[in-house]
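Chain nomenclature is as follows: A, B, C and D, assigned in order of appearance, with residue numbering initiated at 1 for each chain independently.
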Amino acid sequence: MAEERRSRFDAVAGGQARHRDEAGVEFNRIVAFSDGVFAIAITLLVLGLLIPEGQKDLTETLLNQDADLLAYAISFAVIGRLWIAHHRFFATLERFDGVLMGLNLLYLAFLVLVAFSSQVLGDYSRQTVAVVLYAINLACVSLTFQAQIIYAYRRNLVWPEARESERLAGPANFLVAIVFLVSIPVAFVSTSVATVMWIGMFAVGRRLENRLAAVRWPRRSA
Amino acid sequence: MAEERRSRFDAVAGGQARHRDEAGVEFNRIVAFSDGVFAIAITLLVLGLLIPEGQKDLTETLLNQDADLLAYAISFAVIGRLWIAHHRFFATLERFDGVLMGLNLLYLAFLVLVAFSSQVLGDYSRQTVAVVLYAINLACVSLTFQAQIIYAYRRNLVWPEARESERLAGPANFLVAIVFLVSIPVAFVSTSVATVMWIGMFAVGRRLENRLAAVRWPRRSA
Amino acid sequence: MAEERRSRFDAVAGGQARHRDEAGVEFNRIVAFSDGVFAIAITLLVLGLLIPEGQKDLTETLLNQDADLLAYAISFAVIGRLWIAHHRFFATLERFDGVLMGLNLLYLAFLVLVAFSSQVLGDYSRQTVAVVLYAINLACVSLTFQAQIIYAYRRNLVWPEARESERLAGPANFLVAIVFLVSIPVAFVSTSVATVMWIGMFAVGRRLENRLAAVRWPRRSA
Amino acid sequence: MAEERRSRFDAVAGGQARHRDEAGVEFNRIVAFSDGVFAIAITLLVLGLLIPEGQKDLTETLLNQDADLLAYAISFAVIGRLWIAHHRFFATLERFDGVLMGLNLLYLAFLVLVAFSSQVLGDYSRQTVAVVLYAINLACVSLTFQAQIIYAYRRNLVWPEARESERLAGPANFLVAIVFLVSIPVAFVSTSVATVMWIGMFAVGRRLENRLAAVRWPRRSA
C-alpha cells in the first residue's frame, strides 16, 4: 500500500527510469503535453497565411499566396508525420526517465520553431537563406528525435518486443535528417530542387517504411 | 502477456487496422489531438476581430466590425457542428488504421484553414472572391470528412450496430458539401444569397438530421 | 454485449439524454474540448499586452501598459472563475444531451470573445464604448451559462444529490449577469465606477458563495 | 452508492479538501487545464520570432534575430523546467482544495505573462528595463509556486511519503526565486551578467537537485 503510493509520487522524481504502468498519470501527462504542443504548433501554421486588411486587389493578393499555401501544406504534412512518428515511438516505450523528458523538450523546442521557419519560407520562398533555415530547422528536429530513439534503445526503455521495430524506425528517421542536411548545400544551387527533395521524401519515405514493415512482420510472426 | 504487450506497441504501427480497445491509449491520442486542433482553430477565430490600437473613433470602428462578427458567428457555428459530427463519427469507430489517420490529418489541414478564410470573409465580405474562397474551403472540409466516412464504412472499421447510422450520416454530410459547392457559382451572382444559403443550411440540416434520426430509432428498437 | 456496444456509439447521437458513465469517452471529450477552449482563451489574453518592436522609450511604453495589465488581470480572473464554475457545473451532471452541447458551444463562443473585448478594454480603457462592450460580452457569457444550468435542472440532467447545490449556484451566477448588466448604464456616467463594480463583485461573490456553502453543508449532513 | 455519487459532485465544491482518488475526474481536469496553459504558453513563444513580410535583406534580418532566439531558448527552457516541477509537485498531492486551485490560477497568470516579457526581452535585450521586467516576472512565477508548495505542506495535502521530498523541493524552488530577485539590481549594472546568472542557474540547479536527490534516496530506503 505504502509502496504503491510511493511509486506514485516518485514518478520521474528520482532520476531513475519509471515504468509507464506504475506512473501512468505522469506518463500520460508527458504524452498529453507533447500532443498539445503538436496541436498548437500545427494550428499556428495558419498565421503565416493571414493577410492584412485593406488590400486593393484581393484576388491578386490571394493568388500571390501560392508560396504561403505550399509552405503551409509542406509544414502541415511534416508536422503531421512527425506527430505520427512521435506517437509510434512513445507507444514502444516501457519506461521513461528525466533525460528522455529533457530530450523530448529539446525536440519540441525545435518543432515549435517550424511555425517560424515555415512562415519565413512562405514569405521568401525564392531566397536561399529561407530554404536553408527551413532545412536546418527540420534537420535539428530529426536529429533530436534520433537522439531520443538512441537513448531509449541504449537504456532499455522500450518494450522487449518493440526492440526490433525500433532498430528499423531509427534508420528511417535518420534518413529524413540526411535528406534535410543534404538539401542545405543543394539550396545554394537551386531552392526549387531542395523543395522537391523534401516533397519526394514523403512518397519514398512512405514506401520505404512499408517495405521495412513488410520485412518486419513475417519475421515476428515466425 | 507478451501478446498483450505486443498489441500495445504495434498500435497503428503495422498498416493493419487495430481495435480501439486493444490500442486504447493510441486511439485516445488521435481523438485528443483532433480535439486539440478543433479547440485551437475555433479559438483562433477571435484573431479576425482584433482591432489595431489608436483608432480615432472606436464606436465607429466597432460598428464596422459587423461583417467580422458575422464571419466569426458563422465559422464558430460551422466548426462547432463539424466537431460534433467528428465526435459522433469517431464514436462509431471500432477500429482505425494508418490510412484513416492520414485522411483525418488532411481533414484537419482544411479545418485549420477556416481560421484564414473566415478572416478574409470578415474583412472583404462584399467581394466575390472572399465568399468563393470560404465556400471552397468548407467544401474541401466536407469532402475529406466524407472520404473518412466512406473509407471507414468500406473497410468495416465501424461497430456493426453503427453501420446503419453511418449510412445516414454519410448523405447528411454530403449535403453540406453540395450546398457549399453550389454556393460557389451563386456567389458570382450575389454574395449575400450565398451567405444566406450557408445559414439556411443550419436550420434545415438540423431538421433533416432529426427526421433521419426519427426514421432510424424505431427501426432499431424493432 | 451488443447492448453495451450500442450504448457506446449511440452517445449523443440520438437526441436522447445519455448517462455520463455509459458514454464516458464522449462526456470526457466534451469536457476536454471545453477545457481546451478555456485554456487557449485565457492564454490568448497575453496578445493584448504585446508591444511593437522599435519603441523609442521602452520604460514609458511599459508604464503606459497599466490599463492593459489591469484588463489582463481582470480577464484572467474572470475566465479563471468561469472555468471553476463550469468545472463545478459539469461535475454535477449525471447526463447530457445535444441541446446542452449546443448551449455549451454558444457559451464558449461568447467566452472566446472575451479575448477580443479584453484587448479593446486595455487599449481604450477610458472610452465608454470599450467598457460597455466588455460588460455586454460578460453578461452574455453569464446568461448562456445560466441557460445551461436552467436547462440541466429542468431536464433532470443533474445528480439527484446535486439538485440543491444547483438551486444555489443558479442565483449566484445570475447575480454576476445582473452586475454586468447594471454596469452598462453606469459606464455611461463613469467608466471607473463600472470597473470597480466588477472587481468588487469578486470579493463579495466569494463571500456570498462561502455563505451559501455554509448554509448548504449542515443541511446536507443532517 | 449515494455516498459514492455525492463524492463525485462535491468535488472542489465545498471548500473542503478532496482526495484525488475520490474526485479523480476533477483532479485530472485541473492537471489537464494547467498542462494546456503550459503547452500554449510555451508554443506562443514562437510569436516573438516572427518577422514582417517584405524585408530588404532577409539574411541580415535573420542574423539580427540572435537576441530573439536567445530569449526563445531561455524561455522555452524556463517554461519546460517549470512544467516538470509543476508536474512533480502535482504528483505528490494526495488532496486538493479551492485555495490551491486559486493559487494555481495565479501562478498560471504569471506563467502566461512570460510570453510577453520574453518577447520584450528579445526585442530590447540591451535595455535594463527589459531584463528587469523578465526577472520580476520569473520571480513572481517562482514565488506563487512556492506559495502552492507551502500551502500544500501546511494543509497536509501531500502524500505522507512525499513530505520529505517536498521539504527539499521547497528550498530548491525558493533558490530560483532568489536568483531572479538578485538579478534585478544586477541588471542595473550589467544586463549581460544578469542573463548569465539565469543561464548559470540551470547548470547549478540541475547539480543541486541531483545532490539533494542523492541525500534523499538512501535516507528513504533506510
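As a convention for this text, contacts are C-beta pairs under 8 Å (C-beta built on N, C-alpha and C of every residue); 3 or more make two chains touch, one makes a residue touch a chain.
In this text the structure is predicted, and so the values were computed from the model without any measurement.
Annotation: the chain C:chain D pair of sequence copies touches via predominantly different residues, less than half of the used numbers being shared.
Averaging C-alpha coordinates per chain and comparing to chain C, the farthest chain turns out to be A.
The distance from the centre of chain C to the centre of chain D, each centre being the mean of the chain's C-alpha atoms, comes to 25 Å. Once the centre of each chain is set as its mean CA position, chain A and chain C turn out to be 36 Å apart. Across the assembly, chain A contributes 32, 36, 40 as residues in contact with two or more other chains. If you sketch which chains touch which, the chains form one closed loop in which each chain touches exactly two neighbours. Applying the touch definition to every pair of chains gives A-B, A-D, B-C, C-D. Contact residues of chain B toward chain A in the complex are 2, 5-6, 8-9, 11-15, 23, 25-26, 29, 32-33, 36-37, 40-41, 44, 47, 98, 101, 105, 108-109, 112-113, 115-116, 119-120, 123-124, 127, 129-130, 133. Of all residues in chain D, those touching chain A in their complex are 28, 31-32, 35-36, 38-40, 42-43, 45-46, 49-51, 53-55, 58-59, 62, 72-73, 76-77, 80, 83-84, 87-88, 91-92, 158-162, 165, 210, 213, 217.
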